[in-house]
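Down below are the structures I want you to see.
Each of the next two complexes has subunit A plus one more chain, namely subunit B in the first and subunit C in the second.
The block that comes next holds the complex of A and B.
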């Protein structure tokens, strides 16, 4: 076999696998543009006239807007808080190198590795005691706390890459420590900030368990809405689910497409950062 | 500008003593080169003057101000590091102007930055992003930034070490221009003696955290205070030959005569050894040990006379081969005397004309 033909065949096979994996997602996306009867039609309808009916139906729900706004507000504010805290923490870890820095970095990451199910009950009890159940500050702080370890790891890797000579030169030039951090070091680790931001936003955007347990109606995000908004008097409301899933997934797919290389940084805790 | 005075300055890292009870004064508006081998504490000393390292003990004065407790920014020093520190994403002009913003009105700031850029010959690239520049030009930018603030003291930490050899000369030329046209108190750390000899008004030779000798470059070169300085300065350094001499009150009185009881070292620089291919009056025979190598347009010979091996520099036109016999002479006034421990002795009156290195 000619190498070129072989390569073509391999590529074709890979495409086949990719399409197979994407098929359920595609099916949901198609469903978002079908009528309720078309979604459940047997045999399945691949060819149909697209309709905005499902999306307008979803948009007419009061609950949809509150869930969508919650998702955006909670993810963004939690991650912004996390990044500010993490940048300062990572700068300190990187520059002051206190005794036990490595151990603290390890502890920080291991906190993040604890499965959610293991801590959800104590968290619930703690939040009840504090009266933070179903409150924005409560859920935002929780997600910020959950986003900090990864962000510190990613940012420390980047800040380690900025020579301390920058700090020293700026300080002898008359700059304060805050000026050094935010005006000299920060601009040089922007790729790390972007990576931490994207990675944690995706995590918070997708999180279900804690919003379900320590959240409540007022702070319910789209994942919670998807799970709890399933049932109507006529059974499962597939049209609503399909439309909501479409609207919920699309922004993530766009973000992931444009920021793929930053995701790699996130998944390797900032240790691989050659491309960004 | 200000003079820098150090009093009993000491820095310990754990049990390691980096700078050991060092006292010296670097005069106002002069260039002082801190010279010494790697690890002798010269960079630590510079960082303490800059306020980037806290001294374990001792005092630092800028003129009359005791600054050891001051933060780096309060000391008003300009620091240039081994690797160029420039702020990426900014133009050359903005890099130099950054620390001045808010302290000078616009027109004055533009003039100040423009003048400094002209001094280091960067005005042509003033509006380019620093990211597009090579290492040597980046280093010029960081020098310009340090100078533009008109700090009390300028501190350079081996500023050409990380620059490609071919570009070093343009940087050194810029430094020379800087030091002659602007009167700066500059403390310049280097391990390259040629650099020190070219730039410095004074050099301070350091070894193991101590200041070994301080003075004008030629004086230190001609009259090293101890064996280390003689060996460290010069390329190659001084030859040392053990001999017998009469030492009295720290001075070598006579040498090479029968009955001289004391051990002593005689040091002489390779370039002062006169070498001739043919016998001449007062010259002693020596053998060329190794094939000569050429250093900086001069031929470096390794010679042996009697039991003594030493180096000599001759004009590159003279060709010698290994094993050849040549004739050498050492002018007596170029001999330096040291006691067996290596400390310089006062200029003595050697008992006989110093001809051969071992007093033959």
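The block that comes next holds the complex of A and C.
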């Protein structure tokens, strides 16, 4: 077989695999533009006249707006708090190198290694005792706490890469430590901040279990809404599910498409930086 | 008490002492050079004075106040580090302006001062560029400008001209001298370059293995250094040294080396024994093939390498015992370059003696005849 033909075949096979993986997402996206009967049609209808009916139907639900706003507010607030705290912590770990830093870093990360199901009951009891169930500060702080270890790891890797000579130069120029952190070091680790931000936003945006258990109606996010609030008197409301899933997935798809390289940074704790 | 005083400073990196009881009182006026070889502790001394490193023991006094535990930003110093450490997110202009922005100086003052110092350092045309667009020399000059733009009464400069090309160095040495005179501030300047030390310094402190082993004016240190390290390294080319032994004679003392022997005058005169010493003599005091008796100490050597530096020539020689030495002689018009035998001659009173154990000066040759 000619090398050119072989390469084409291999490429074709890879495309086939990629499309197969994308099919469920495609089905979801298409479903958002179908009528209720078209969604459940067997065999699935790939060719149809798109309609806004599902999306307008979803927008007319009061609950949709509350869930969407909760998802955005809780995700962004938790991640912003986590990034600020993590940056300060990572700077301290990187620059002051206290005895036992490595062990502390391990302990910090271990919280992310524990399966959610293992801690959900103690968390529920704790939150009940504190009266934080179904409260914004409660759920935001929880997600921030969960996002901090990962962010510290990522950011420490980046801050280690910024020579302490910059800190010293700025301090002898008259800058305070806080000024050095936020005006000299922070601009140099922006890719790390972006990586930590993206990675943690994806985690919080997708999280279901804890919002379901220690959250409540007031702070329910889209994942909770998808799983629990879709039954009507006629059964499962597939049109609402399809539209909500589309609106829920689209922002992440866009972010992942444009910031894929930062995901690699996140998945390797900042040790592989690639083109970032 | 002078504006900058350090007392018994000690600093270790692991088990290695870097500063080993440094005592230094820097004269208030003029430029003081801390001269020392690589690893002698110069940078560490400046960093401890700037507050960037904590001393293990000892104190730093600035303007009569003990600042040993004071944060660097509160010491009110201007500091030019050895490395550039230019902030990559800022242009050269913003880098230079940064210390003034921290002091909340008005924009017009900042612009004017940056332009002035940029003109002095000939970097006006790179002010809008970021550090990654600058050459090594330009980066260094931007770093110097950033260190010097702040008005302070104490300036610390950590080998700022290292690695710059000769022309730029020459001009900057002049500029730094001018600047120091204009500001009338205290300049503490660390360098491992002997010529820079002699050209720039009003006062030189010599640091070796974390201790101040010598101090004084450039002339005094050049003519009569107390310590062997200063004698060997403060000058160009390096000073020659040959190991020998003191020997008592009927007339007094003499030094005996494989190359020559000559009568010496010891200081202090008493309390000596026949101890091992280093006999040293400067490369520029050597003449080749002396014939008129003015340089009576002579011995044979082989030329290994000849370096023509314009009006003068540096000769790299080996003596009969294989030891190396240098000679700086007037340009050898018509002489065959390269290997060959020569007779080296110098005056007995050019010989300075150093105790091999303590490395401190113990006397010098006297102007009498002597042959090896």
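Quick note on the criterion: the second predicted complex is superposed on the first by the 275 of 276 C-alpha atoms of A that agree within 3 Å, B and C clash if a C-alpha of one lies under 4 Å from a C-alpha of the other, contacts with A are read in each partner's own complex, and residues count from 1 in each chain.
Keep in mind that, in the parts below, a residue touches a chain if its C-beta (ideal position, glycine included) is under 8 Å from a C-beta of that chain, and two chains touch if they have at least 3 such contacts.
Owing to the predicted nature of the structure, the values given are computational and were not obtained by experimental measurement.
Do subunit B and subunit C fit side by side on subunit A after the overlay, or clash?
Because the two structures are overlaid on the shared chain, the partners are seen to clash.
Touching A:249 in the superposition: subunit B (first), subunit C (second), both, neither?
neither
Considering only touches as defined above, state whether A:175 meets subunit B (first), subunit C (second), both or neither.
After superposing on A, A:175 lies in contact with both subunit B and subunit C.
Scan A:101 for contacts with subunit B and subunit C and give back first, second, both or neither.
After superposing on A, A:101 lies clear of both subunit B and subunit C.
After lining up the shared chain so the two structures overlap, which partner does A:135 touch, if you call subunit B first and subunit C second: first, second, both or neither?
A:135: touches no partner chain.
Answer with first, second, both or neither: which of subunit B and subunit C does A:35 touch in the superposed model?
A:35: touches no partner chain.
Following superposition on chain A, which residues of subunit A contact subunit B and also contact subunit C?
In the superposed arrangement, which is not itself an observed complex, subunit A uses residues 163, 165-166, 168-176, 184, 187-188 for both subunit B and subunit C.
Note which residues of subunit A are touching subunit C in the complex, please.
Contact set of subunit A toward subunit C: 163, 165-166, 168-176, 179, 184, 187-188.
Inside the complex, what are the residues of subunit C that reach subunit A?
Interface residues on the subunit C side: 47, 50-52, 71-73, 77-79, 81, 83, 85, 87-89, 98-99, 102-103, 143, 146, 150.
Provide the residue numbers of subunit A that touch subunit B in the complex, in ascending order.
Residues 163, 165-166, 168-176, 184, 187-188 of subunit A touch subunit B in their complex.
So in the complex, which bits of subunit B are touching subunit A?
50-52, 71-73, 75-79, 81-83, 85, 87-89, 98-99, 142, 145-146, 149, 151, 155
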